[in-house]
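For reference, chains read A, B and C in written order, and residue numbers begin at 1 within each chain.
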Amino acid sequence: MPILQIEEVTAGYGVGPDILKGLSLNLEKGKSYCIIGPNGAGKSTLLKIICGLLHPRTGKVIFNGEDISNLRTDEILHRGICFVPQDFSLFPDMTVKENLRMGGYIIQDRDLVETRIEEVIEMFPILGEKSSDLAKTLSGGQQQMLAIGRSLILKPEVIMLDEPSLGLAPNIIQVIFDSIEKLRESGMTIVMVEQNAHKGLDFAEWGCVLDLGIARFEGPSDTILNDPRIQELYLGKIQRVAK
Amino acid sequence: MTEKNSEVSTKSKTEVLGKITTKKKIFIGSILGILILIPGSVFFADNVNYYLHMLLYTFMFIALASSWNMIGGYTGYTSLGHTVFLAIGGYLSGIAYLKFGISPFITAPLAGLLSVAFGFFFGLISLRTSGASFIISSIAMVLLFKISLDHWDYGGGTGGMYLPFLKIPLEYSKIPFYYAMLLIAVGAVYMSYRVRHSKFGLGLRAISQDEIKAEAAGIPTKQYKILAFALSGFFVGVAGSMWGFYLTYLRPSIFLTILLGAHMVLMSVLGGKGTVSGPVVGAILFIGINEFFVTKLGSSELNIVATGVLLAVVLLFFPAGIVGSLKARGKLPEVLDWD
Amino acid sequence: MTDSTIIFQLLVIGVTIGGVYALMASGLTIIFGVMKIVNLAHAALMMIASFITYFAFTNYGLDPILSVIITIPVMYLVGVIVYKVFFGSLEKDARFGELTVLLTFSIALIIEGTLGYFFTNTLRTVSVPYSTSSFWIGDVFLPKGQLYATLLSIALIISLWAFLRYSKLGNAIRATMQNSTAAQVVGVNIEKASVVAFGIGIAMGGAAGSLTTYMFPFYPSKHWEWIGILLSLIVLGGMGSLAGSFVGAILLSVTATFVSHFFGPTWSVATFFLALFIILLFRPQGLFGKKMEVK
């Protein structure tokens, strides 16, 4: 059974129009997905639906067989889905350590949180060096690592990243993707939305093209990368990926 | 097949639109006509002065609400200190008459201009950051004005100044003010209408929705905001200069109450801020409600409570006001849709 | 008295009043930080606490400083109720901020009118021995009442700070203040954080309301003057910054005391408003604030 099933979901903001228009998608456990598509297609909206920041108007979201469509964010966090929003979404005037600690907000056992913080610092040593610094003083790449690290405190089954490479220099992007690679190695299901379609599809095993509120194309990422229709529509004029 | 249908419907639409405009014109025209003729009844009816008084106040409040709407409704920046313009107008004309003998009917437009100038400079300082800072500034401005005027001996301090009756027989004394206020009300609503149907007005609306996006879209937000605020002071200032003479006294405690500022907000919000006809409807309704409350409840404390409750109810349940809510449901009578 | 003694004296008076202002402002700051709205009803709600303290004193002889033990929890409850009644049903849409400010305005009117109706606008004050006596340090006198008030205020502000820094709920509130989306994402119930923050903010105001009963005469419509002062304070300090509102309170309070001495007491209130406009002119984000996004 897929770990995450999205069934015919329509969604929008406030009283505005439907952004997602009957989207259906299945995600398998332990795989990595990259969702691409034009602006306004609903990529971020989809992630928000899954993690409970927004509720679907119609349709369902099913996680490990359970309907989570109308659960609150903290309930969904308990079940093992974490979301790293766009623009890092850190607490600027809290220290790195406090930010990490906030990642474990829903965990009652304070000692467990401290242990997890240590584990995250092991994975991302730079966070240990800067643990007493205010989050706003960190560089772009460090902030993104902190954002990712924070979501790892809960040891989620699924991690969702909204534009992890946004605003970062190319060499930093590589560092970030190396970190996400570590997550993949640990068996986490990874769902990312990426404006940098090449990088995203290069990393992920599976790709999904979102357009006009539904999933237009789905499949292995290199198939998508090499598909000439998709290339023209969404990837711009590029050379074919060398085999 | 579909092409044909749309042709037909566009044609009838323009016909209908044309009809609406004429209908509106007739409606407004006849109302104005009646209003202009009403004072004539003083020659043959009793108790006309009471109605002149009520109508006069209604006109003034229409002007106040419509003016407030320019900054509070169109632009989305709530001003709680608009009474400052009333004071500027009132004191300018009062002093001009008492010390220099110039008739208020001459100084009234100047009062408006001075208000605009003040609004311009005040806007320059207070419209730089957020709406929150602006609201705060407007409150501070009113309080500061009150303190200053209370201590301004030239203007009479807390006691204010007494302005004599103009040299007209008592039975007819309300009439000049009646026409003055009517003119001011028409002027304010007309200005509101023109702004709403201009590129400027469109820009203001964009600012009220999302200022950052408006700025990004190339709208000169700062200039527009300041202009809107300055303009919103004109008719209030003019009304202020007339009001002082109508009351025959000027006093900081009358002109600069927060409650009066609250009433301006309430009228616009009740009627529908951001629309042209909303403040008019709101002002008329408000005068009626106010009369009711004053006769029934008397004390001004309950008036304050009632204002607060009414404002809260409108904000929570009908934030678009009467005109706005009706329009959203498609039930607004065409004659009231001036947007 | 030598000049330097006068200056020192004025400083002392200013600081001892400033502490109480800082307490009032702290509540406003928390509310603004979490909900991003200016609570125009803050001083009106404080007034409720003042009346509670006044009647507790005149009817039961309860010392105003002690009455804080009652007014803090009572005003916390009042804050929670006000929030649930007026703000609970609002959606977080684009017009949230402006609509809500007008709503707080209407709450202020309702409170003012109700208090005025039941208790009239007579000036009231609580007279306790320490409201008129002083400690003497050399040539300088330290008004006892104000000193006690400021010390209690500082204690409350420090408690607030500690709560925000070290408690789980406090961290949740801080998180909501700094980045409400991120707070949601880590599982904070930001609605609950808002209610609690509002309650705490009003509770702080309540304590201040109790303390001011013996320092200044009060009457229902005075709350506009207070709110004007408080708002000027937080704009000066930088909205949303607790440290800023504290510094702003002390600075302006001292300045106002000097103005009062040299120009007369009526102008001391005007000082706050003038300072507001000066700050807006030269440093609109306040002393400690960040450049606020427009609206």
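We adopt the following convention: contacts are C-beta pairs under 8 Å (C-beta built on N, C-alpha and C of every residue); 3 or more make two chains touch, one makes a residue touch a chain.
Treat the numbers as computed from the prediction; the structure is a model and nothing was measured.
When every chain is reduced to the mean of its C-alpha atoms, the one closest to the centre of the whole protein set is C. For chain A, the chain whose average C-alpha position is most distant is B. If each chain is reduced to the centroid of its CA atoms, chain A and chain C end up 42 Å from each other. Rounded to whole angstrom, the centroid-to-centroid distance between chain A and chain B, based on C-alpha atoms, equals 51 Å.
Distance between chain B and chain C, defined via averaged C-alpha coordinates, is recorded as 33 Å. Contacts from chain C toward chain B in the complex involve residues 32, 37-38, 40, 86, 89-90, 94-95, 97-99, 101-103, 105-114, 116-117, 220, 224-225, 227-228, 231-232, 235, 239, 266-267, 269-270, 272-274, 276-277, 280-281, 284-285, 292-295. Listed in rising order, the residues of chain B touching chain C in the complex are 76, 78, 80, 125-126, 128-133, 135-137, 139-141, 143-144, 147-148, 150-151, 209-212, 215, 221, 258-259, 262, 265, 269, 299, 301-309, 311-312, 315-316, 319.
Only residues 91, 93, 168, 171-172, 174-175, 178-179, 181-189 of chain C touch chain A when the two sit together in their complex.
The touching residues of chain A, when paired with chain C in their complex, are 14, 51, 53, 72-74, 77-78, 83-85, 89-94, 98, 101-103, 105-106, 150.
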